[in-house]
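Both of the next two complexes hold subunit A, though its partner changes from subunit B to subunit C.
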Partner chain A sequence: MGMIDIIIFITLVLLGYVVGSVLERRHYQSIRQREEEFLALPTIALKTPLNGATIIDTRLVMGSTVISIDYFKKILASLRNLFGGNVAAYETLIDRARRESILRLKESAKDADEIINIKIETSSISKNTQGNIGAVEVLAYGTAIYRKKV
Partner chain B sequence: MIVTNIETIPHKEIVEHYGVVSGSTVRAKHVGRDLMAGLKNIVGGELKGYTELLSESRDEAIDRMKTQAKKLGANAILNVRFSTSSVAAGASELYVYGTAVKVV
Partner chain C sequence: MHYKPQLPDESVNVTSNNFFVEAFKLLVGLVVVLILSYALLMFVIGVGIDHLSIDHEKKIHKMLAQKIDRNQSKEEHYLQSIVDDLNRCAKLPYNLEVSISSSSQVNAMALIGGRIIVTQGMLDAIQNENELSFVLGHEMAHFKHRDHLKGMSSGIVLTLFSIFLGNNSSTILNQLLEMEQMHYSKKQESHADRFGVDMLMCRYNTTVGSSDLFARMTQEDQWSDFMLTHPNFSKRVKKIENYIVQKGLNQKGESVPLQF
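Our next item is the complex of A and B:
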């Protein structure tokens, strides 16, 4: 009984570590690539539009992501709790969720000239009906500004 | 209906305002999605089921807010804000509010 439990635990940790780090690397790759694609679309936290041509449309746009932590990092983070300090495992999780949300926000307003008054909201989804899950939801929203084409 | 999270609409003037309008939904996940999330929890990554669920509920909340504004006779909602809170295990509340105005 005890032996089987240990084997299951180690398998989960290994699976989490191997698959989790591959997935994370791929995700970061795609984030970096798409961030470069969308460099031309200014996304800013100012409340007033930039100077430019006449504005013909303003629209609320949103992007959201729910990302879950893997089993290995979960264990790592709980060990961190003993000693304190930076929990790097969670830092990358939240960083991925935020950047992904902003990218989705931009993707939903491809033809916009700029997106202003960006707000980012984070909420944790810590439990489902079965038990604990470590996941965060990040919502990014703002106002897309459409200008008259010159 | 114009919906934005800035305080004015460029090149338009606010002629009347109707106070705060809001919409909310409380949603729970269904068992299938919940199960998948449990599995996904081992390897990490995006929980697509949850992402969809939350954005659907948020759209629903926005619709409710728009209906309320329409009833008042508004044609725009300004300074919109979102807030999320978890009510119980497996359920969360999505709340959206803003100011209903008439612009010309």
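Our next item is the complex of A and C:
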């Protein structure tokens, strides 16, 4: 039994590392590409619109992402847990989720002139449960502003 | 208000890091810490055990024994009578108790508080009472030199580790535990062998049967399992023979048949 357990463990770690890093690289590519695409749409944390032109419509818009850690990162983070320090393995996870959420928010309001008062909230899913899946949910929400077209 | 569209600065929120290197470094660190703490605990427990009085040891044994105590079988009575007789020569300050374990491995153990365990496999391998007395005398020597406690300290540390690390690693640790608990140094073993010879002389006035069991073990394949944890039998046989010659002990005589 002991040997089989070890083999399963090593397989999961390697699988997590290989598949996890491929997926992460692809996700970042997609994020960068779409960020350029939506660059023209201002997304800001100000409570008031950028200029005083007549507003014809406002709407609450949301973008939400759930990303899971892979087995390799889970092990890496639990090792980190013993020694303390910067959990770099989780930083990319959170970064991807936040940027993806803002992109989804923008995608949901493509025609808006600007999105103001943006808030970002993060929560972990299935924390502290046995055999947890260790996923993070990031929700970005704000107010989309539509102006009179000149 | 002025607004200029910009892409997010990627260098700030994510540490660029090779995770594989990081994992490797952390693992090496963990292993080093485990080895160091193992060594430290072994040292501390070793020192503590050297100062453990026999009274305290008996108390610990009493606590543990409640779980295994039962009536002795006929064979165990027979072994017990040999041990009691040998103890008239050895004069160990323990109430020695013999138990037979049903394991088919060829082995015998000295456990805390004066308990001797002989496996069924060992009983099957033994051919006469002299050999049996030598094995029992050998185990009694571990009590005399208090080797059994030193063997235990690594067991205690490994048990602590397995508790600390949780269930995942317990299977590997248990195997280590089993191996460690029965492992004494070569010096301790040959010391105990010499004591076993003395015990034979005391009970039978001959050293017949002292090295026969080990000599058979070096010849036959079926002992391979046992050889892994107890190597160097041919060396031990030689050492026993040298000891007998050096002390000029009686090597002649008849062996006593087993009584079960």
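Here is the rule we use: the second predicted complex is superposed on the first by the 145 of 150 C-alpha atoms of A that agree within 3 Å, B and C clash if a C-alpha of one lies under 4 Å from a C-alpha of the other, contacts with A are read in each partner's own complex, and residues count from 1 in each chain.
One rule holds for everything that comes next: contacts are C-beta pairs under 8 Å (C-beta built on N, C-alpha and C of every residue); 3 or more make two chains touch, one makes a residue touch a chain.
Bear in mind that the values here come from a model prediction, so they are computed numbers and not experimental data.
Q: Looking at A:K73, would you say it contacts subunit B, subunit C, both, or neither? Reply first, second, both or neither.
A: both
Q: In the superposed arrangement, does subunit B or subunit C reach more residues of subunit A?
A: B
Q: Can A:L50 be said to touch subunit B (first), subunit C (second), both, or neither?
A: Touch partner of A:L50: subunit C, not subunit B.
Q: If we overlay the two complexes on their shared chain A, which of subunit B and subunit C does A:L139 touch? Say first, second, both or neither.
A: So A:L139 only meets subunit B here.
Q: Where does A:E36 make contact in the superposed view: on subunit B (first), on subunit C (second), on both, or on neither?
A: Second partner only.
Q: Looking at A:D5 after the superposition, I want to know if it touches subunit B, subunit C, both of them or none. Which is it: first, second, both, neither?
A: In the superposition, A:D5 touches subunit C alone.
Q: Residues of subunit A that sit at the subunit B interface in one complex and at the subunit C interface in the other, please.
A: Residues common to the subunit A contacts of subunit C and of subunit B are 73, listed in rising order.
Q: Name, in rising order, each residue of subunit A that touches subunit C in their complex.
A: Going through subunit A, the ones touching subunit C are 1-2, 5-6, 9, 17, 21, 32, 35-36, 39-40, 42, 44, 46, 50-51, 72-73, 75-76, 79-80, 82-83, 86, 88-89, 91-92, 94-95, 99.
Q: Under the touch definition given earlier, write down the residues of subunit A that touch subunit B in their complex.
A: Residues 12, 15-16, 19-20, 23-24, 27, 47-49, 54-55, 58-60, 62, 64-71, 73, 93, 100, 116-117, 119, 121, 123-131, 133-135, 137, 139, 141-143, 145 of subunit A touch subunit B in their complex.
Q: Along subunit B, where are the residues that touch subunit A in the complex?
A: The touching residues are 2-7, 9-11, 29, 31, 34-35, 37-38, 40-48, 50-51, 54-55, 58, 80-86, 89-90, 92.
Q: Subunit A touches which residues of subunit C in the complex?
A: Residues 1, 3, 5-8, 13-15, 17, 19-20, 22-23, 26-27, 29-30, 168, 171-172, 175.
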